Each structure stands twice: as C-alpha cells, then as structure tokens.
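Shared chain: chain A. Partners: chain B in the first complex, chain C in the second.
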Partner chain A sequence: MRRYLGRKLLIYLLTFFVAVTIDWLIPRFMPGNPVDTMLARMALRADSAEVLRSYYIRAFKLDLPLWQQYLNFWAALFRGDLGISTWLFPQPVFQIIKRAVPYDLFLLLPAIILSWIAGNRVGAIAARVRWLDNTILPLGYILTASPYMWLAIVLAWALGNVAGIFPIAGAYGFGLRPHLSWLFIKDLLWHWFLPFSSLFLVMFGGWAIGMRNMIIYELESEYSRYLESLGTPQRLIRKYAFRNAMLPQITGLALQLGGIVAGALATEIVFAYPGIGYMILNAVQNQDYFLIQGCFLFIITGVLLANFIIDLVYIVVDPRTRLGMTGE
Partner chain B sequence: MSLQVENLTVYYRTLRGDVQALENATFTIADGEIMGLAGESGCGKTTLGHSLIYLKPPMRFIEGRVTLDNEELPIWDMERMNEFRFKKISIIPQYAMNAMNPTRKIGKMTAEILESRKVSYKATLPELKRRLDLVELSHDVLNMYPIELSGGMKQRMVMVLSTLLNPSLLIADEITSALDVSTQKAVAEMLVGFRDRGFVKSLMVITHDISILYQIADSIMIMYAGQLAEKASTQVIIHNPRHPYTKMLIGSLPKVGVKHSKQRLAGIPGKPPLLLNPPVGCRFRERCPVAFDKCFDVPPFIEIEPGHFVACWKEFESNA
Partner chain C sequence: MRGSKFLTVVGLLTIAALVLAACQPATVEVTRIVTEEKEVEVTRIVAGTPVVEVVTATPAPAEEAEVTYPRNETLYTSGKQWGPPTSWNPLQPGSYAMGVIGLCNETLFLYDPLKNEYIPWLAESGDWVGDNVYEVKLRQGVQWSDGEPFTSADVVYTFELGKLDGVYYKPLWDWLDKVEAVDEYTVQFTFKEVRYQEWGNTLYSVAMVPKHLWEGRSEEDIVNGDNLPPVGTGAYLYETHSEDRMVWKRNEGWWAKDALGLSVGPKYIVDIVNPSNNVALGLFLKGEMDLSNNFLPGIATLVEGGYGVQTWYDDPPYMLSANTAFLFMNTTKKPMDDPAFRKAMAYAVDVDEIVTKVYGNIVQKCNPTGLLPVWEQYVDQDVVDELGFTYDPDKARSILAEAGYQDVDGDGFVEAPDGSKIELKIIVPFGWTDWMESIKVVANGAQAVGINLQPDFPDFGGYWDQLTGGTFDMAINNFGSNMSDTPWTFYFWLFRNPITDVMSNGNFGRYDNPEVFDLVVELDKTPIDPEAMKPVIAEIQRIQLTDMPAVPLWYNGLWAQWNSTYWTNWPSAQEGAPKYLPCTWNGYWNMTAILMLTELEPVQ
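Entry: the complex of A and B
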C-alpha cells in the first residue's frame, strides 16, 4: 500500500515538474515580448517609450539569460511568488487568480455535479425504459456533440437577445459593485443562469449516454445472466449493474473536477464571465508571461490533484485495484 | 420421474428467419440419474439445457411440456420461472469463471442473493461452510472478491452456490471445458459427490467431452443438429451404440493401445447442416453411410430396449 502510493506520488511529482517546465517555456516561444505589448497600449513618445522599455525589461528580469530566468522562476515558485501581471500591471498574478477562481467554482461546480447526478439517474432509467431510451438517447447525442460555445451562443441569442429574459455578458450588472445584498445575489444568479445552462446541458448529454451504455453493458454481462438464472429479482441485478457502471463515471467526474480551475474557456468568453478561462484569453492576447504561467500552474495542480484523489477513491470502491497494488 | 420433457421445440429468432436449434425433444431423467448430453458444437445441447431454466430472447419457445417432480415448469415465462429457479432447478453456467459480481465480496453476494429469494443467510451459513469444506475451499473465500480466486476456485464456488438450495435438477453446462485434465476429473467427481449426498436429485451434464461422461454419467444422450439421436446407459452408448452417428462419434475417439501415428484417427466426413434451413427428415441423412429412402421422414425417438432410445429408421427395420 505505502509502496503503491509512494510510486504514484513520485510519478505525479515528475509530471508536475515536466508540465510546469513546458508551461514556463511555451509563452516564451511567442514572437515579441510582454513589455512591448504593454508599452504599445500606453501610446508614448518614441524616446520615453525606449526609457520605459529598458526599465521594465530589467524590472521583469527579461534581460537575464533564459536558463537564469528559468531558475529564478522555480525559486520564486517555491516562495509562492507568481510574479506581477503585465496586462493588469501592477497587480500580482496571485491576486488576479484569486479573484477569478470563485467565479469558476460558482459556475462549474454546480454544472458538473448536477449534470453528473442527473445524467447518471436519467441514463440508468433510460437503459430499461424503452420510450425514454428513444427520446433521451438522440437528445443526449445532440447535446453532447454540440460545442459548448455553440450552445452558449444559441442560448444567449434565444433567451438573451430575442426573448430578452437573461443578460448575456458579465458576472453581474455593470451598475453594481460586488457586495453582500439580495440585490447583488439576485443579479449574480441572473447572470449565472445562461452560462450554467449551456455547460449543464452539454455535460448532461455526455453523462446520460455514458451511463446508459454502461448499464446496458453490465446488464448483459455474465454475472447479471447468472443472477437471472438463479431467479434473483431485477432489483438486485440492477443494483449491481448500477454500482459497477458507476466506476468509469467516477473517473470521468474526477477528471472534470480537476479541470475546473481551467474554467470553461469558450463559455466564459461568450458570456464575458470573469473566470480563469477569460483570464487566460486576455493573458495570451497581451503576452502576459506571468499570468499565463500562473493560470496554467493552477490547472496543472488541479488536474494532478484530481487524478490523485481518483486513485485513492478507486482503492476504496473497486477491489480490483487493491489487488493490483500487491501484484506489481 | 424427476424430469420429463415432451416435444420440446425451441428456435432462435434471427433476422434471416428462425434457427431450428431444438426439434421435438422427448426424454426423461430419473431421480438420482446423471445424464450426459453430448454432441458437436452447435447441435443444440446448450439450447436444450438453457431452455429448461433460462429461455430468453432471441430464444423462442415453440411448443413442448416440461415437468419436474410432477409439476409443470412454465419455461416460456421468464417471470413465473423465477419461483422455480435456484430452488427447484439450477445451473452451473459455462462462464462460471465470470459468473460472480466482481465488486462484491463473495459472502456478501451470496447473502444478498439468498435474502432476495427469501432464504435466511444466517440459517444457511453452517451448511454453506460444510459444502465449502467438501469442495476444498477455505471459509476465507467468503471474505474475498472473485478476482482473488483462481479459475478453478471460482468454478467450485459457483458449484456450491448454484446447489445451495438443493435443487431437484442441476444443469452443468460445459463446466470442465476450461479446466486442465487433472482438475476436470476432480470437478467431475465433486458433481457425483453432490448427487450422492443428495444436494441435487438429478443432473444434466452438457459437454462435448465424452470421456468425462464415461467417468461420471449414468446415461448419455447424443444430439445431432437439433434432434435427439440416441439415449442409453453409459455402458451401452460406449460399447454398443445403435445410431450410426453415435457409432461414428464413439469410433472417432482415440483408443488406448492404438498408435495413431500408424493408424489415422477416424473422423466423420462432412459437416453438420445449417439449422436456419435444415434438411427434411433425419438431419444426419447426408452424412450417414446407411441412409435410405425412408430417411426423408423424421425418425421417431423410440425405446428399442428398456432404457435405450434411438431415432433411426435403419435400426427400427433391423429390429422389426
């Protein structure tokens, strides 16, 4: 058991190291540099721009050789310092991420968990009710096959532009500042509904189809047939099938939850929703090395953590993994 | 009479029409009898075995009557059969190695199955343990998951589980096929032990391995292409078969003391007909060395000597 977890941990640490290195490397492959982009927005005279430029380059330590920048990056990382954003200069990257993450959680956590619960329930029922199967299955395929942003645009157009029921941009009205009051909370939910629905619907289709197919597979499996030939009531057979069909769904859920910190890039862009996804887009557009690094660092950590948690959960729910731990 | 089957006909529904897998089977199995059911692949022996307990689409019940201990079995009704399954008639399936839910401990699964059939697990537990001893399984298996057992252990566990409620008839479907020869013999002898101890009243052992039947069966029934060919005591089938198919089948078995490098092992020329559109009359006709005009009619399955049934016109003639 300890050896198994130790080895897993080692693999995760290695993955973390490689992923973070790539994360540091990739923004620096882009042509141009963050300081030029920053100065371009300032519209300065040419000579003062040159002065500012050399000042910023030194301030961000972009004049050092690459290997030294890389070492500095790791050193800063261990101090918990993610640097200063150039796009939202002079805010620290950590502050920006801290501000964005609640919106991601608020948007994605309910969307993922509710769609998972509803999808599994509906899929399991669809596996044995003919008319439900005939309606849910095609609908599920359409939903899961539609891209998030397409559905988001359709919803924004239909319920926002045409019907005018829901606002189509931002996390709250432009006339409001975040504070704790019913007015604000109502407005927040009002803005939340469309992005939430677009995510919920697409995910729901995927979960429902996955569950339906898994249940059918389990009901056709040999242990189900054996139970049937022993005259066991359908209730017990379905209970077993449901439990076994849940295993891959749990993996899927954990992977989704791990990606939660990545935000829902497309959805957040369509609705101008200020989560991590929206930040990434702006960071890339402004060549903001430090914000890109910071955002992806969060994603990497999230995905790895979620994977590690699944490994632990699987040990509990699937005895077959427990056996594999001693065998290797 | 423990089991009586009359005119049982079962087809498989396919897109291209009905596959006539079992045609007019009529036979009996006596109390305490171990009957072997043998024949080539696709001859309908598994269809016959399954139709008695688990007749589910694409299998289609056409006609027939099955009585077990003087009670008619509603084999065409999946729901009503539930009452009889496990308690009166039970099966050790071909896939015994995968028959148990992989994510439940065996003891817990057994408990849940028993409780679902309104049988108390607690009251059954001492008997269950006694039977585990009999098949040389440690009581610890109840605390294990199926994956922690070897193939042979799983098979024995399923044997115990299937017979736990002392059914009148047990169908053992190809249970030795996946085992190596030494285990085969042990498993076969356990089946006999189950009968001798009264765990099961009678047994139907489905196999294509006649040598196993020779060791354990009281009688053997031979099937060919969905029709019954011959049924007699084991000794008679092996040493004095009457149906030409049985003769050729037995003749194709290797014999002790014969060097097959010198003398080629005899086979049966030709291959079995497709049952989607089987030939009329006796289905063995096309491969039969003694076939004649009469064979275009289906031969009845007739008792020519006490306990010896044959379906062959030639035999009827030579007997008459």
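Entry: the complex of A and C
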C-alpha cells in the first residue's frame, strides 16, 4: 500500500515538474513579448513608449538570460509568488485568479455534479426502458455533440434576445451593487441560469449516453449471463451492472472536476462571465506570460490532484486494485 | 414509431420551456441602506461564499448608499475597457480604468478638436511670460475629493513625478528645466528648449495627482501601485468595480458647479467591460447600454433601419474620424526601398471598396496627406494637386513599367528591375476582422497591377514583432495617428527617428530622411499658430507625397453609437445639438467628452 502510493506520488511530482516547465516554456516560444504587447495597447507617443519599454523590461526581468528567468520562476513559485500580470497590470496574478475562480466554481461545480448525477440516473434507466432509450439516446447525442459555444449562443438568443426572459451578459445586473440581500441573490441566480444550462445540457448528454452504453455492455458480459443462468433476480443483476458501469464514470467525473477552471471557456465568452476561461483567452491574446503560467498551474494542479484522488477512491471502490497491491 | 419518438422529444422540450418560462425575472425593488460610520462593511456574494470587503467610505457626511442604480440617473457605457478594471493610477496610461483621467483626475486644460481651442480647466489661464517661461494661473476654490485644496504644490509635484523611471512623461524633462510654484495659485515652467507643440499637447494630457496623499508613497508604489481608491478633483468619485464593470458616482462638490456653472447629468456611470460583439449589440438594442464606443460592424443598417440607434452624422460616414490607417512599407527591403514602387502601391489600392464593402460606409477615404478632417486647414492644396494620388491601376502599371518592373517569366507578376522575383506579404493581426478584410482588398489591388502581394494574419504578438522589428514587408497600422491638438503628433509618429532596432511606435517602414526629420523638429518649435505652422507642414507634405514612405488609406471612425431611451441631448452634427466628442476612450474625456456629460438630460 505504502509502496503503491509512494510510487504514484513520485510519478505525480515528476509530471508536475515537467508540466509546469512546459507551461513556462510554451508562452516564450510565441513571437514578441508581453511588454511590447502591453505598450502597443497603450498607443503612446514613441518617446514615452521607449522610456516605458526599457523600464518594464527591467521590471519584469525579461532582460535576464532565459535559464535565469526559469530559475527565478521556480524560486518565486516556492514563495507562492506567481508574478504580476501585464494584461491586467498592476494586479498580481494570484489576486486575479482568486477573484475569477469563484465564478468558475459557482458555474461549473453545479453543472458538472448535477449533470453527472442526472446523466447517470437517466442513462441507467434508458438502458432498460425502450421508449426512454428511443428519446434520450438521440437527444443525448445531439446535446453532447453540440459545441458549448453554439448551444450557449442559441440559448442566449432564444431566451435572452427573443423571449427576453434571461439577461444575456454579466454575472449580475449592471445596475446593482453587490450586497447581501434576496434581491441580489435572485439577480445573481437569474444571470447564472443560462450559462449554467448550456453547460449542464451538453454534459448531461455525454454522461447519459456513456452510462447507457456501459450498462448494456455490462448486462451482456459473462458474469451477468452467469447470474442470469443461476436465476438471480433482474434487479440484483442490474445493481451489479450499475456498480461496474460506474467505475469509468467516476474517473470521468474526477477528471472533469480537475479541469474545472478551464472547462467553461467558451460559455464564459458568450455570456461575458468573468471566470478563468475568460482570463486564459485574454492572457494568451495579450502574451501575458505570468497570467498564462498562473492559470495553467491551477489546471495542472487540479488535474493531478483529481487523478490522485481517483487512485485513492479506486482502492476503495474497485477490489481489483487492492488485489493488485497485495500481489506485488 | 418514428412519430411517437418525435412527439416525445417535442413533449420534453415543451416541459423544459414551461419550466424556464416559470422563472420570471426578479422584480427590482429599491432598498436603501443608510451608513453612518466611516467604515462600511459591504458583503458580496461570490460563488455562494460570502466575501467580506471593507470599503472605506468618503469622509463626506453620512450618505445613502444605494444598492441599485436608478435607471434614469445612470449612464451605461462601453468601449474602453478590454478587461477587468485593475488600475486607477493616472500614471499608467495603458491600464487605468475607464475615466480615471477625465472623470476623476483632471488636466490643466481641455482641448476641443472641433473648434481647435484650449479650454482652461484646472488652470484659469496660461501664457508665455518670457522666451522660455510659461506661467499657469490656477483656478481657486478647487478641492480634492477628500476636502484638501488643489494648489500649485500639486502641479509642481505632478510634473516632478516625471523624473521617475517608468513615468510616461519622463521625456518632458529632456527639454523642461524646472517647475516652480510662484505662489499658491501660480506655477512657472522654465524650459531648456521651447517645444510649443509638444507643450500644448502636454497641458491637456497630464492629469494632476494630490501631493498630500502621494508624497508618502514609495517610488515603486507611485509607478506600479493601483491607487485604489483614486482621489481627484473631477466630476466623479470611485464607487465600485468588479470583473465586468467600473462604476463612478457623481461628485456633488465638483468645482465646476460654482466656477463654470456646469454640472454633470448622470449620477452614476457604469462602464461595462467590452463583451463580444453579439453581447454588446444585444445590450445596446435592449436599451441596457446608452453609449457604445465599440466598433460594431453593420451599425449603419441599424441607424438607417429605425432601431433608435444614433450616430454623429445621420448619413455616411456616420462617425467622426479619429485616426488614419496607413499602409506601411518596409523601406529597408527591396523593392519597397524604391519610391516608384511605393507610389505604384498608392495608385493600386481601391480605398473606396474598403470603405463601402469592408466597413459599410462607417469610415471615410482619406486625403492623400493622411491629415484628419480636424486638421483640414493644414492640407496644402497645391502640393496635393501636384503630387496627390488616387485609385488608378493603369497609372500604377505605367509607374512600374517606367521604373523597370517587368513580368519576365510570364507568371503574371512583375519582377524587379534586376530580374529578381517579387513575393511580398501584407500583415495585420489575426482576429481584427475589418483589417483582415481590408488587406485582402489591398492585396487584390496589388495583384491586379502585377505585384505579387499576399495577405497574412499572424497573431498580435507576431504582427507587432515583425512591425516594430522591421522584418515585415507591408502592414496596416494606425497606433499613433490619433486626433490631437497638433499635426505634430501625427508627423512625430509617421517620421519617428532615430531608426533603432525596435521602432516602439511610429515610422515602422524605417524611412530615413534627415530633411523631414528636421522639419518635424522645426514644427515642434513653432508656436501654436496655424499661419506659422502651415509653411513647415507644407514642406513635410511635399516630401511625404514625393517619397511616399507610407500610404494613408482611410480614417477610422470615432466609434460612437447611442440610444436616446433614457438620456437625450446627445452631441451630434445636427443643428442645435452640443458639439462635443461622444467618447469614453482614454484621452477623450479631456478632449471635451466630459462636457458631453454636462449636456445630457434624463428622459422624463
């Protein structure tokens, strides 16, 4: 057990190191540099631009040799310092992420978990109820195949622009000051509903189809047939099938949760919802090395952590893993 | 079977629709919280976790804090903010939030480009009192929003900050000698070298900061701090901000009320961070946005179609012109080093097609000199008649033929006089859709006269790297041709020198001509008097049109569209309407946009 976990942990640390290095390296392969992009946006007179350019290049330590910048990056990372954003100058990257993450959690956590629960339930039922299978399956395929962006635009157009029921942008009404009251909470939820629905619907389709196919596969596997030939009641067989079919779904859920902060990029852009996805897009467009690094660091950590948790969960839910460990 | 499947789907969708329909929008009730202490605790709900923020209230007497901004007292704008507001520091020209300079921190003068007039603002007057001494008399009775008086010490302090590394007006000190307070309301500037044009430009663009609050700050904090909350002398106070908006609240103690009898209409200004085009248009048409300074393609159809959308002019070009888009050619590369080739390019581009097909008539074809309409008086018509150009493919072909460009290998494209092949690229940043379309027109025009020019769309970083690094062939750019008080800023950009490894902003084609460089310096040292400036500018125009280092193509608009559902008396070209710039972009509040706010009236 300890050896198993130890080895896993080592692999994760190694992956982390490599991933973070790549994360550091890739933005630097882009032509140009963040300071020039920042100055281009200012559209200053050339003499002012030159003064600021030399200042910021020094301030952001971009004049150092690359290897030194790399070492500085790790040193700063261990101090918990992710640097200062050039796009959102002069805000520290950590602050920006801290303010954006709640929007993502608020949007994605309910969408992922509710769609997972509902998708699995409905998928499992669909596997054995013919009329439901005939409706859910095509609907599921349509939903899961529709790009988030497209579904979001359709929802915004139909329910926002045409029907005028829901607002089409922002996290809460532009005429509202954030404060604790029913008025504000209602407004927040009202703005949240469309982005949430667009994510929920697409994810729901995916989970439902996955579960349905898995159940059918399990019901046709040898252990089910064996149970059937022993005369086991259908309910019990289904229960076993459901449990086995759950395993890949759990992996899927954990991976979705791990990548949570990046999951809603398209949706956030369509609804002007200020989460991490929106930050990443802009950071890349503005060559903001520091914000790109920071956002992806969050994603890398999230994915690795989720994987590690799956490993732990599997020990509990999948006896084969435990068997493998004792067999070592 | 098929039918029943269909019915079930429809049934499910109907149920879903009903559920959605049941969720009616929350009715908005106005709740007021009266705050009495100096510290107000504002709790905001983000992602279900209450985040408590402590906001220090202004020391003004206990005031009502409203939780909803009444629609008839609030102006909703958009167009300046490309990301969450993050800085309120007027020394950070690219980053400061919408309105920091103009609404909050004010300048000594305003400049009115439509009348070519400087309007005394924090200054009461300004005059040259000696050959190299400029004296500013300050207005008395102006207060910072914390109650302290605004005096000459603040002006001296603000200009002295320009000595710090990282402050954008540092180059001022190359020719400014000293700034002294003569008395509490008089400041004298002594110059090593008098640059009238540049000084005029400085007077209405550098915003004053309060010495008493800033002098205790570290250099690092002054240059790189976010200065939250900002304290200014302006018509608005910082109210709040979040990731997708910036909110300003009217300063009831604004000096201009007593001094000039001016007061601003909107009690609140909510500036919305630029959303995608469809969202911007959606908000605008729903009446949730009053003034949009976004570039909205196809806006002309909405103006014509009676959607209640208004622009400066009712007819093409709809917008005022804000800057000139130039075709830059890299003069360090063959064949762009040949003036004849560059002239041929000028004749080959069908700008009218760009204006009508790409922009739907919301931009204007420019004068061959590229000077904006506000600088019309400086165009030397004789020079233009003699050397000007217009779209004429035959002329382009004949210029090329005369200069020895011939199609030797029969592929339909000309070769250079020395027989080498010509294969060129024209670049604009990917995603800048209007520019992407327009360089297709430029490339088509070039190909039609036999120049093998292909459009290319690197991302912005790549574009800027090629442009400033001098590795591009041709490119479109307009970053320094903005409307200002003097054509000097325009020529300073177009003929930026010396030529260095990185051309930060201007003269991207690296056109090297000491004669014109000297003229630009001479213009800078010419007093602000059109009659004195015209001969120098005429000389520059002659060289520009002879050598054609860059081709001026069209004037980009001062994108501004508004709707009058909640606010009226917008400035426009219509008779009787106020004549101020309807624009929230950086640098426009102090070019009379602030006066637009004093004219706006709520619809009853």
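To be clear about the criterion, the second predicted complex is superposed on the first by the 323 of 328 C-alpha atoms of A that agree within 3 Å, B and C clash if a C-alpha of one lies under 4 Å from a C-alpha of the other, contacts with A are read in each partner's own complex, and residues count from 1 in each chain.
We take it that contacts are C-beta pairs under 8 Å (C-beta built on N, C-alpha and C of every residue); 3 or more make two chains touch, one makes a residue touch a chain.
Everything numeric here is computed off the predicted structure, so don't read it as measured data.
After superposition onto chain A, the modelled positions of chain B and chain C are compatible, with room for both.
With both structures placed on the common chain, the touch criterion links A:44 to chain C but leaves chain B unconnected. Of the two partner chains placed by superposition, A:15 touches none, neither chain B nor chain C. The larger set of touched chain A residues comes from C, when the choice is between chain B and chain C.
Of the two partner chains placed around the shared chain by superposition, chain B is the only one that A:244 touches, whereas chain C remains out of contact.
Looking at the shared chain after the overlay, A:228 reaches chain B, while chain C stays out of its contact range. In the superposed model, A:131 lies in contact with chain C only, and not with chain B.
When the two structures are aligned on their common chain, the gap between the nearest CA atoms of chain B and chain C comes to 21 Å.
Remark: chain A residues 30-33, 36-53, 55-56, 59, 84-85, 87-91, 96, 99-103, 105-106, 131, 134-135, 138-139, 153, 156, 159-161, 163-166, 168-171, 173-181, 183-188, 190, 193, 269-272, 274, 282, 285-287 touch chain C in the complex. Those residues of chain A that touch chain B in the complex are listed here as 221-223, 225-233, 235-236, 240, 243-244, 247, 317-320, 323.
Partner chain A is touched in their complex by these residues of chain C: 1, 4-5, 8-9, 12, 20-21, 23-26, 28-29, 31, 33, 42-51, 65-69, 71, 74, 76, 82-84, 86-87, 89, 92-95, 165-171, 223-226, 239-240, 242-245, 247, 270, 272-273, 275-276, 278-279, 282-283, 286, 288, 431, 458-462, 464-466, 468, 479-480, 482, 489, 492-493, 496, 502-506. Contact residues on chain B toward chain A in their complex (touch as defined above): 53-54, 56, 81-87, 90-91, 93, 95, 98-105, 112-113, 116-117, 145, 147-148, 158, 161-162.
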